[in-house]
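First chain A sits with chain B, and in the next complex the same chain sits with chain C.
So, the complex of A and B:
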């Protein structure tokens, strides 16, 4: 388990331990895919069981959701820029783009929470029907992931400021980047199969 | 707070449970007193609780699993006692429900899985010639989360009441409507906590096996146990998230009134059954595959031959893993999925018999013309083949959708899965324990006691479960706490109960064997007492904390056997020793265990505010970990050379036999 350093690789891949961490995280994302796939499957089974409660068309606020989508997609792009700056060894650029990414993520979250509050005021709660149970839990799980991602990124940014760009901090940033893109992909599925499909019935 | 009545917090009134409470209290006092008296607190904290050493973590898994085996076994014996005569009054129907539920959950999730994961922990890094797993601290966290979940589940019967809806916890029975007490919350929450640990283990072992193999150890030179551990880890990663979701939705239904599985408001109870078995069937293979790996090692070693058909073994393992994902409906043919669906799943289920059969024949051919040595470990492997085949053949009977309408929910099924799980898992962990015990502790388990253990357990097992096939065919249903004298079931039930006493006697001999061997067994043994074939035997017993002073180089399958035969790579010159980098201990995993346990406990009782406050601790623990830049430490050359000289002989060689 000697350091086994390979300086010809990007910073985040240089140590053996980092390479293992990144592979481990990919496998973790595999598990996350199964997790979301299961939630989607549950939603697919229950999405028409309105039980006399509101239907998709009754509640969905498509305009707000479009903005959320835009925010999250943009944040994925800025996250890519952050990694690009990391590869250029530009810590300031890296942190700036990361902060922008998180702000966009926070904007997404803020809108999503407002959306949920709106639904609840309309009388569409998790307890209303099986459709709404699966709807809220699928979206809520995604939202909880975004929240976690923001908190986690803040912690790593603090480490980045304290320690600068090292193989360890670079690896941590890179892994957060993977996570963030993954959440974006999940959102695309949610947007398509929950919102768009819900609109057309 | 919540809906618990305080006078029901501790379960009272039942003499059996009172006895258990008293004995739990006494044991805990005894342990605390013993540790204080022997001044062992520091030792246990430094050497065990905070350890990140894969071997010690493995041993802790195994100890926990043996304790859980004891608990689950007592449950089994109580059930057997209750049904030994018609209309027995030992257990009430409610108590019987609780006991078969905790028995099933504990045996599968807190006995079989940790036992195998424990052996994997001890052996896999050694077999691939590594110094630890990829993520040692995460490994400790996995263990402590499993432990947290197991303890939470186990206190249910004294505090708040045991879950009682079966290990499958089907809805609507397990829902709030029909199980209003908090008891079933224990199921959802304890398994969730343990499940997170298992998922981490899966990831950890995949990365370990893919990335930490020593030089020359290609995938197709890996020992069979390592292969099965890899494939099992893959199944864990693919299947456990499904269970995570299912349990979370169960909690939502029970705690927050959602409608995933309820009968009203559009929920679907069958959705639970599907999700449960989408995880549950692969789970069976999560425990069976490493067990097959253990048998492969044991059979090859004690037949003194290379494993026959290694490649086909690997493909069969992967094939079983893939097939295991597409058979789940066979658990509920009777629930009306229709003939088309049932036929499809009958077919996939029967297909599993093909790769499994390949394995059986490979083991037989490995033994053919081998010089078989009937050690205790080998005896378990030998007994496994015919008994497991009975389990497999009855499995094919159950696989036929149309026929299953007859067998479903009878003791025939219970006999079938015990014939799969006991030979397929319990025999394997016994074989593995006898085989690797000297590796773990530097002395053997007593072979004579081992034979007593083997024969009592084996005879007891067959006498217990064989009658259940016939009871089931005669119509005795499972999960039924009693039967009438007119049913005519009494003689076979009595025979089965007698069998379980013999089986328990076997287990007692096993425990005594551990005690005897720790006290009296010869410490002066070779580091390779079985003349074995794989790399874990190429180093000291018990293994030094850094595993290998010099990482071995592999040139073929059965690497250590080749090294011995060609007399290469066995020596160690002082000049070859270099500093070794090792990870530091950490108390964080144990703290997480405590915090998860507390949060889980509050959630079980639906005390949401305390639970929310306690879960801040989880976040603090994660942040602490993120800021922890401890990079481990280096073992100096002198220390290594001193350690090595204590077990190598004058020529600096490991003992070798090879004949």
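So, the complex of A and C:
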């Protein structure tokens, strides 16, 4: 694994193993795009099948959704700053931005769970209509990814504190960074094609 | 591959400000204008694609490294399959005989 160390590259790209891991993670993200595409497809087909239940305009709390969007967008930015600090070898800055990223992510998750609880109290559950089934599956899959990302990042941060910034920890942080940005990319499409579309149509 | 020695993360800040602007423009167009549903969806859909591109190129550094080209081909193919799945499902299941 220590073969082919190229110190002219950023830390996370220095070993062949790391470059392969990063490439492999990009391929995984390609599969994730397709996973979310199937859920978007189901939603796009069923989104007007209200079955006598609430419609988009009845339940969507657009103000809360805007705040969620800003939290996740800002967390994607701070995650980018974390990687930027990692490349300047600033471990303190790296950890600080990662913690801020996770706090913003946790804030997003907290608001999303509250939003779901609110919907369920309004009588809009997964069982109510095809619209709400596909809505909760799409949103829930994204929320589950955010939850997993927070847990994963905490473990990587603990490893970073214990072992310091090495080619291996740098690669792990870079990969969780890619994952986190990807979750924001998915959210852009949820915001546009679920929430904004629902408020228009 | 770039070696980041700059004092200020210019591309990240530009990407963030642009993303904020795109989000707010999409929200205003969808919530405050009285354009037709079709026109609004085309506009905010395009804004979403632009913003996703910003994330991929300015935050995720998709094109850097020796595998930059592979990344682009891989993600482009993922997007192609995504479009076929979504547009194809809507087309088959909401038009023609399937609608009756």
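We adopt the following convention: the second predicted complex is superposed on the first by the 199 of 201 C-alpha atoms of A that agree within 3 Å, B and C clash if a C-alpha of one lies under 4 Å from a C-alpha of the other, contacts with A are read in each partner's own complex, and residues count from 1 in each chain.
Throughout what follows, contacts are C-beta pairs under 8 Å (C-beta built on N, C-alpha and C of every residue); 3 or more make two chains touch, one makes a residue touch a chain.
Being a predicted model, the structure only gives us computed values, none of them experimental.
*Asks:* If you stack the two complexes on chain A, which partner ends up touching A:69: first (chain B), second (chain C), both, or neither?
*Replies:* Only chain C; A:69 stays clear of chain B.
*Asks:* By the touch definition at the top of the document, which applies to A:117: first (chain B), second (chain C), both, or neither?
*Replies:* Neither chain B nor chain C is touched by A:117.
*Asks:* Where does A:23 make contact in the superposed view: on chain B (first), on chain C (second), on both, or on neither?
*Replies:* It touches chain B and chain C both.
*Asks:* Regarding the shared-chain residue A:154, is it in contact with chain B (first), chain C (second), both, or neither?
*Replies:* Neither partner.
*Asks:* On the A-aligned overlay, A:181 touches which partner chain: chain B = first, chain C = second, or both, or neither?
*Replies:* second
*Asks:* Applying the document's definition of touch, where does A:126 land relative to chain B and chain C: first, second, both, or neither?
*Replies:* A:126: touches chain B, not chain C.
*Asks:* For A:168 in the superposed arrangement: first (chain B), second (chain C), both or neither?
*Replies:* first
*Asks:* Quick one: is A:38 in contact with chain B, with chain C, with both, or with neither? Answer first, second, both or neither.
*Replies:* Both chain B and chain C are touched by A:38.
*Asks:* Where on chain A do the contacts from chain B and from chain C line up?
*Replies:* Touching chain B and chain C on chain A: residues 19, 23, 27, 30-31, 34, 38, 42, 45.
*Asks:* Help me check something: in the complex, which residues belonging to chain B touch chain A?
*Replies:* 131-132, 134-135, 199, 202-204, 206-207, 210-212, 237-242, 244-246, 248-249, 252, 256-260, 262, 264-268, 271, 275, 278, 578, 580-582, 619, 623, 626-627, 629
*Asks:* Quick one: in the complex, what on chain C touches chain A?
*Replies:* Where chain C meets chain A, its residues are 1, 3-5, 9, 12, 15-16, 19-20, 23, 26-27, 30-31, 37, 40-41, 44-45, 47-48, 51-52, 55-56, 58-60, 62, 65-67, 70-71, 74-75, 77-79, 81-83, 85-86, 88-90, 93-94.
*Asks:* Inside the complex, what are the residues of chain A that reach chain C?
*Replies:* Those in contact with chain C are residues 8-10, 13, 19, 22-23, 26-27, 29-31, 33-34, 36-38, 40-42, 44-45, 62, 66, 69-70, 73-74, 76-77, 79-81, 84, 87-88, 177-178, 181-182, 184-185, 188-189, 191-193, 196-197, 199-201.
*Asks:* For the complex, which residues does chain A have touching chain B?
*Replies:* Contact set of chain A toward chain B: 1-3, 16, 19-21, 23-24, 27-28, 30-32, 34-35, 38-39, 42, 45-46, 49-51, 53, 126-131, 133-134, 136-137, 151-152, 155-156, 159, 163, 168, 172.
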